[in-house]
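The structures come next, written out as structure tokens.
Each of the next two complexes has chain A plus one more chain, namely chain B in the first and chain C in the second.
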Partner chain A sequence: MLNWAFIAEKAPAYVKAAGLTLKLAGAGIALSLVLGLLCALALYYRVPVLRRAVAAYIELSRNTPLLIQLFFLYFGLPKLGVMLSSWTCALIGLTFLGGSYMAEAFRGGLDSVSKAQIEAGLSIGMRSLALARHVALPQAFLVALPGLCANSVFLIKETSIVSIVALPDLMFVARELIGLYYNTVEALGMLVFAYVVILLPVSWAFRSLERRFRYAQLGT
Partner chain B sequence: MNQEALPLLQIKGLVKTYGKAPALNGVSLSVGKGDAVVILGPSGCGKSTLLRCINGLERIQSGEIILNGENISNPGARWDLVRQRVGMVFQSYDLFPHMSVLDNVLLGPLKVQKRDKAEARRQAEGLLARVGLLDRKKDYPRQLSGGQKQRVAIVRALCMNPDLMLFDEVTAALDPEMVREVLDVIAGLAEQGMTMLIVTHEMDFAKAIADKAVFIVDGAVEEESDGEVFFRNPRTERARRFLNSFQYESRRPRRKTGAAPSGLTPVPVTRATMG
Partner chain C sequence: MLSSGLRVFFEGRNMARLMAGLLVTLKIALISIAICFLAGLLAGLLMTSKRPAVRAAMRVYLESVRIVPVLVWLFLVFFGVTRAWGLNLSGELAAVLVFVFWGTAEMGDIVRGAIQSLPVHQRQSGMALGLTEAQIYRHVVAPQILRRLLPASINLATRMVKTTSLVVFVGVTEVVKTGQQIIEFSNSKNPAAAFWIYGLIFILYFLVCYPISLLSRRLEKVWAY
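Then we have the complex of A and B:
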């Protein structure tokens, strides 16, 4: 049988850890969006040099596991004389990973904006900055939205790995409780519950967001 | 020199190539202020390319494009400024799908020309009313028919107060019953003295509106005549054959001899609904 007393006693620890998970995920998603957008623009406008650097970054980021990236930041960099806090490591790691996925989603959106749309913008005298802001990006965003939402959910889930750099997130708390009390079922049960409680509303919100925006697009 | 006599648009020896294939091979023509110039020619002759060169959507290899006495084809030309004076309407309308009709029309005046919002809005609404679409100003492009979209696209270009309008086969993508509503708008503009270059395959319309007709074959001007002259009695053999090809009856062996029986003017019959 489940040890309800244990669950009741340890629940606050999960709530606190959930706060950290959410804070990390929120910051990671926000920074990933910014980084991804900048990368996608560099690719879209074919900025010399930068676009090659971006392409290399995307390949590197997408083809290495977050676990290895975090290990490198947390255990590797100090050997090179760079000491970062757990929080900074986790945030950099998450952004490094998420940035490339967001970049690909934005790029897909930008690529979907037809040449005719760009020419229509040019024909009323728009320059590239105004064109990006008023014509290309709004349309690209609508196309990219489902991808951006999926990546955000993915990043929230990926935060579960930051416990390896000693950040007390949900996963960290569960592992600690198992190690201390051997209440494996309760600890893991609460962990699953916590993630579901966080992710279900997020998924619902994203879905309604996508539905809402779907009507604002296409059908030239 | 007399300012009045200076053509609004002058093109001299325009050459445009795609790789090695020439699209325009030394095109020269001039367009006087207030003229409606119709550009005709077989498919792929370079008509659309010519329009696209005039507002810088295609880079040219050599030649000059002179607008209001100013050479706009210089390497250092500010195309964004030129395009504010040269309105373009495309075959596929190309309205911005994420904006309402009114926002489509106002984007240029507000974000490019930085005009006063109330004033620009008054003009936009006035123009929309003129093409009969004021009640649709809050709709999105997807809610409009093809003909309505094209009328909005015309208004979008007009609201920039251009000196010159370019129409690139603007009815080619429309269902036949919507062609008229768009052509009427263009005809109305011509009447008000808007200078325009029109690429079209609607022969009845071309004949009705053309102050001047420019017939292009293989990237070069084959004939440049008064509209009246061109449609009644074209000077060149190829133009004559081209016009005849729009007339169903005349497509029999007569064509081979080339000479349309004199007195029988090739009045083209097309699906166009003018008149």
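Then we have the complex of A and C:
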């Protein structure tokens, strides 16, 4: 039988940990979006040297696990004299990973904007900045939206490994309770429950967002 | 001091041990990928089944796999199942079980997408010719979806290789664990070892995953239509 007294006693620890998970995921997603957009624009406008650097970054980030990235940041870099706090490590790791995924989503969106649209903008005398802001980006964003949402859910789930850099997230609390009290079933049950409570509303919200914008066809 | 830390690779059998650790990682990944790809084909067929109940059941399976991080599934199986039913699973076995459970759902979704991307008239033409359901799958559906499937499923394979890094959480002595042992052992005489070992593991993962990603992209370009 489940030990309900134990669950009631430890629930606040999960709530607190869920707060950290959410805060980290939120910050990571926001920074990833910014980094991803910048990278996608560098690729789209074929900025000379930057374009190569961005392409290399995307390959490096997409083909290595976050866990190894975090190990390197947290345990490897201090040997170079670069000391980062757990929080900073996790945020850098998450952004390093998420940036490339978001960049690919944005790039897919930008590529889908037809050349005719850009030419039409140019022919009425729009400058490239205005073109990006009023023509390319709004359309690209709509196409990229499902990808951006999927990546955000992916990043929330990826935060589950930050306990290895000593951040007290949901996984950390569950591991600690298993280690200390051996109430494995309760600890894991609350862990699953916490993730479902976080991810279910998020994925519903994203789905309705996608549905809202699915039929927004802006010129073709 | 940092560059002198490089010697950690050449001391004892360190390099050979790291490679052996990498092989453990790859073995788990390859076994899981092989099973997932076969089971995923079946799952994909079930996801496009004519029976609503089967489709609904598969939907519940896919969504419940996706709603929780893979690491949580790994903990559930490794710590939860052992505790609840008194079974004793090794870390490797728990990892393969979880990766198969997760990968089959993802692979099934890819297969479903490929089947549904086939124009309806293909299947209807088959029926008009008097082919049976099995013949339609064998001669009409299968040859066409296998091509559409490949880029996405190879992509899934890289994801699975990357996810294999999680097995260090359930006590499998793979590449990261071996690296940690080497770092701990040489910490007093060679404090920079952590930088080099984790750096090398980072590069090793890249060297495994990058060619697979390249292959996927190449196929996507060649077979795009």
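What we mean here is this: the second predicted complex is superposed on the first by the 217 of 220 C-alpha atoms of A that agree within 3 Å, B and C clash if a C-alpha of one lies under 4 Å from a C-alpha of the other, contacts with A are read in each partner's own complex, and residues count from 1 in each chain.
Note that a contact is a pair of C-beta atoms (placed from the backbone, for glycine too) under 8 Å apart; a residue touches a chain by one contact, two chains touch by 3 or more.
Predicted model, so just to flag it, every value in this text is computed and none were measured.
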| item | value |
| --- | --- |
| Clash-or-fit label for the pair chain B, chain C on chain A | fit |
| Touched partner set for A:102, first chain B, second chain C, both or neither | neither |
| Which of chain B and chain C A:167 touches, first, second, both or neither | neither |
| Partner chain in contact with A:192 - chain B first, chain C second, else both or neither | second |
| Comparison of chain B and chain C by chain A residues contacted | C |
| Touching partner for A:113 - first (chain B), second (chain C), both, neither | neither |
| Which superposed partner A:91 touches (first chain B, second chain C, both, neither) | neither |
| Which of chain B and chain C A:125 touches, first, second, both or neither | first |
| Which of chain B and chain C A:79 touches, first, second, both or neither | second |
| Overlay on shared chain A, then closest C-alpha pair between chain B and chain C (Å) | 24 |
| Footprint overlap on chain A, where chain B in one structure and chain C in the other make contact | none |
| Residues of chain A that touch chain C when the two form their complex | 59-60, 62-65, 67-69, 71-72, 75-80, 157-158, 160-161, 171, 174-175, 178, 184-185, 188, 191-192, 195-196, 199-200, 203 |
| Residues of chain A touching chain B in the complex | 116-117, 119-127, 130, 134-135, 138-139, 142, 216-220 |
| Residues of chain C that touch chain A when the two form their complex | 2, 5, 67-72, 75-76, 79-80, 83-84, 158, 162-163, 165-166, 168-169, 176, 183, 191-192, 194-199, 201-202, 205-206, 209-210, 213 |
| Chain A-touching residues of chain B, taken from the complex the two chains share | 55-57, 79-81, 83-84, 87-88, 90, 92-98, 107-108, 111-113, 140-142, 149, 156-157, 160 |
